[in-house]
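Lettered A, B and C in written order, each chain numbered from 1.
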Amino acid sequence: MAAIATPRIGVFATRAHRQEFIAMLVLRAASTFVVVAISALFLYLAIEGTKLFTVDHVSPFQFLFSPVFNPDANKPGSLVFIVGSLSVTLFAVLVGGPFGIAVGVFLAELAPPRMVAAMKPAIEVLVGIPSVVYGWIGLTLLVPLIRTVTGSNGFGLLAAGTVLSVMILPTVITLSEDAMRTVPNSLREGSLAMGATRWQTISRVLLPAAASGLTVAVILGIARAIGETLAVQLVIGNAAVLPQGLLGATAALPTEIVIDMAGAQQGSLLEHALFSMAFLLLLIAMALILAVRFALRKRA
Amino acid sequence: MHKTAVAAALFLVGTSFVPRIASADTSITAAGSTALLPLVKAAADQYQSQHPDVKIAVSGGGSGTGINQVVQKAVDIGDSDIMAAGHPELVDHRVAAVGFALIAHPGVRVTNLTKKQIQDIFSEKVQNWKDVGGADVKITVINRPRNSGTRAVFTKTIMGDVSISSAGLTEDATGSVVTTVKSTPGAISYAAFSGTHNQQGIVELKIDGVAPTDENVQSGKYPVWSYEHMYTNGPPNAAISRFLAFVTSNSELLHKAGYILIRDMRVHESDR
Amino acid sequence: MRDAVLTLEIARAKSARGVRHRRFVDRSATTLLWCAALAVLALLTLFVGYILYLGAPAISWQFLTSPPSEVSAGGGIGPEIYNSFYILGLTLLFTVPVAVAAGIYLQEYARPGAFRTLVQFSAESLATVPSIVMGLFGLLVFVYLLRWRFSAIGGALTLTILNLPALMRVTQEALFSVPQTYREASMALGATRWGTIWRIVLPSAVGALTTGVILIAGRIFGETAALIYTAGVSVAAGKGAYDLNPFRPAETLAVHVWYTHAESVVPDVARIGNGSALVLLVMVLLFNVVARIVGRSLTRRFTGR
């Protein structure tokens, strides 16, 4: 549409026009592909993920709230995995959230340019480290450490939560730094001119002003944590029981999927239950995106 | 830039019309039981070095995976420790027998357990090794996932009607079970001889005084064993038949990898 | 009068104490923030050092080039390294054109409206889809529906979708960083919108774009969960492992770390895991360094900056 409105000149008019038209077509097609991809994904998982209820006639209530996961006996209660996922995510956000925000604030407000120059690539590398390597470090360093210190077998909520805390750091740091940088400089100057110290300015003026951006940082940190699979699977212990305290082994939605999907017969109750879990994860991810939109709209 | 995009798009569309390039006639894929994996893999390596034109890809995933994927024709051969019930289209090829050992961390100071004691441990009635005559160490039970053939054999031959507590840890496969038992004080689990016999740092427990050896399996004294099956979807083609025959008949390979030739078995599955 | 002076004195004393207190809080907060930032650097140093310490003894030419072993000790990771690059190349081949095109559309063409909102919302949603969920989608489409079995192409296409949003974002940011005046000048000279983008905007953005693509390439290289059920966990033996055919199972290096621990029965799991983790880490570092160098030189060449 915009293309047609642009001015055209002389002999190039038709060729340029044709080019413009094709470019527009290709660009639109690519954009449409993105829409098609997420729609297809949602549709497929919605169909597979609800077979548990439509084909096997399991009640959604039982799926969500029963702690008994025994698909052989028609009992696909997934409460254990849901609680497991929520617990490790909560742990990660409670530890990694404030830590990440602190670093983000530091980068935006305090850090000398040299420090920023050192931190940026470091954070980029932290993003790039494959999740399976995080899991490997967790398995060979953290689990034995927890075992030695606490006398438990080392696998469990604490190990998984700690690994996740580190894994969400780059997301939280980058986004909270961005959030701080979007706060207008006039606020900063005004506060300092009134005689406030730097910390007073940060804590009383800038943090509240950046609140919605920081919320987004935490929400996307949650999104990163709740879907993480292999790093968690290697250290959580994969016991289908509700977590017995921080040291207890448990399981999460993605870890249960990755362990049992390989052997789930197509069309079996187990397979349907696992797809329901995947669909639930997708719904959680979507809900988090809506939450992000909501948080940003409030700011606007 | 748009040329690349168009080319990529064309390629995408094009590929969806030629989806069967994968099934070139001399390529064989097998997946499934990790108890059987070492044998199939070793056999595949040896077979390919003799027949350079044949490509064989072998992977684990568990017995359930094997059956599952061969039913869906995602692989040519599905490896399994258990019978594939409810799939009449599958053709069973028994290639070997294998025993399963109960393994524990050396620190538990136990070398023998009765069947009853094992049931108590895996159902969490007993939670400390001192209650079964060992050291004062908390027991950490390690299980295999639900689809595991090894778990099915263990359940059938030892646990009977006693159900396995879900509080234990779960490890994906024979390999990670052995690794985790080695590194976790108080750990106990079960795994195929092929994955336990050559391992340092674990103890293989006797069951009711009977040691987990090939000899005891062959004579029927040791209860935890099963046939290893390689399933094909319908009768195998010539190339797959030749490979299956190679696996079954290669006694040197079988022994080296910790399996038992079927003709050496003096008991049958139905005898238990 | 005396009262007033006294009040003033007290207030001064109070505020002096207040100033000292405020300064103390300010200093401790600053120290704390510095510590947090240094902790991140320390953490990264710890990881790199630890993986280096674990992995270095495992690395040898033989380890890097020989095929993996399922049974006996001494397996290598040659085919896995090959597959990682193979799938990475295939993924970039698909995802770069689509993502760049969609990014250009959003940044340069689309007017605010329902379609743009839809595309943006789709991209954001796609960005939060957990990679294991994406892997199951790939399983449904490429393995079950199209019956491609586990294949390099199925894995690559799954990763294509998984990485579209990130790459679109990179494109948008790269385009955003091109000064508006460039566009205005070009259009004022009579160039069409596409002409402007193709000759002026894209060349100015190519440095930032390339940096972004290489950084994302590093992430694709280490992706695991989305590949287990799409590209599979096996490689063919012998020369078949280095096949160019995209319709073959292709276990990547990252998947191999997980698979070796979880599934295989080799006695030297630790050695292989350690060595592979080191190779993965080195690759990530390498991608980061290359991204910066290439990005800088491209920017210089196309813009003279």
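By definition in this document, contacts are C-beta pairs under 8 Å (C-beta built on N, C-alpha and C of every residue); 3 or more make two chains touch, one makes a residue touch a chain.
Remember, it's a predicted structure, so these values are computed and weren't measured experimentally.
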Chain-level touch network, classified as line, ring, star, complete or other: complete
Most distant chain from subunit C by Cα centroid: B
Interface ranked first by C-beta contact pairs: A-C
Cα-centroid distance, subunit B relative to subunit C, in whole angstrom: 36
Rounded Å distance between subunit A and subunit C, as computed from the means of their C-alpha atoms: 14
For subunit B, residues that touch 2 or more chains besides their own: 2, 5, 61, 72, 171-172
Touching two or more other chains - residues of subunit C: 97-98, 100-101, 144, 198, 261, 270
Two or more partner chains touched - positions in subunit A: 23, 26, 29-30, 262, 266
For the subunit C and subunit A complex, residues of the former touching the latter: 22-23, 25-26, 29-30, 32-34, 36-37, 39-41, 43-44, 47, 50-51, 54, 97-102, 104-106, 109-111, 115, 118-119, 121-126, 128-134, 136-137, 139-141, 144, 161, 164-165, 168, 187, 190, 192-195, 197-198, 215, 218-219, 221-225, 228-229, 254-255, 257-258, 261, 270, 273-274, 277, 280-281, 284-285, 287-288, 292
Contact footprint of subunit C on subunit B as seen in their complex: 1-2, 4-5, 8, 11-12, 15-16, 19-23, 27, 29, 31, 34, 37-38, 41-42, 44-45, 48-49, 52, 55-61, 72-75, 171-176, 178-179, 194-195, 198-199, 257
Subunit C-touching residues of subunit A, taken from the complex the two chains share: 1-3, 6-9, 12, 16-17, 19-20, 23-24, 26-35, 37-41, 44-45, 48, 99, 102-103, 105-107, 110-111, 115, 118-119, 121-133, 135-137, 139-141, 166, 169, 173, 197-200, 202-203, 220, 223, 226-230, 234, 254, 257-258, 261-262, 266, 275, 278, 281-282, 285-286, 288-289, 292-293
Residue ranges of subunit B touching subunit A (in the complex, touch as defined): 2, 5-6, 9, 61-65, 67-68, 71-72, 138, 140, 145-148, 166-172, 183-187
Subunit B contact footprint on subunit A (complex, rising order): 22-23, 26, 29-30, 69, 71-72, 144, 147, 153-155, 237-241, 249, 251, 259-260, 262-266, 270
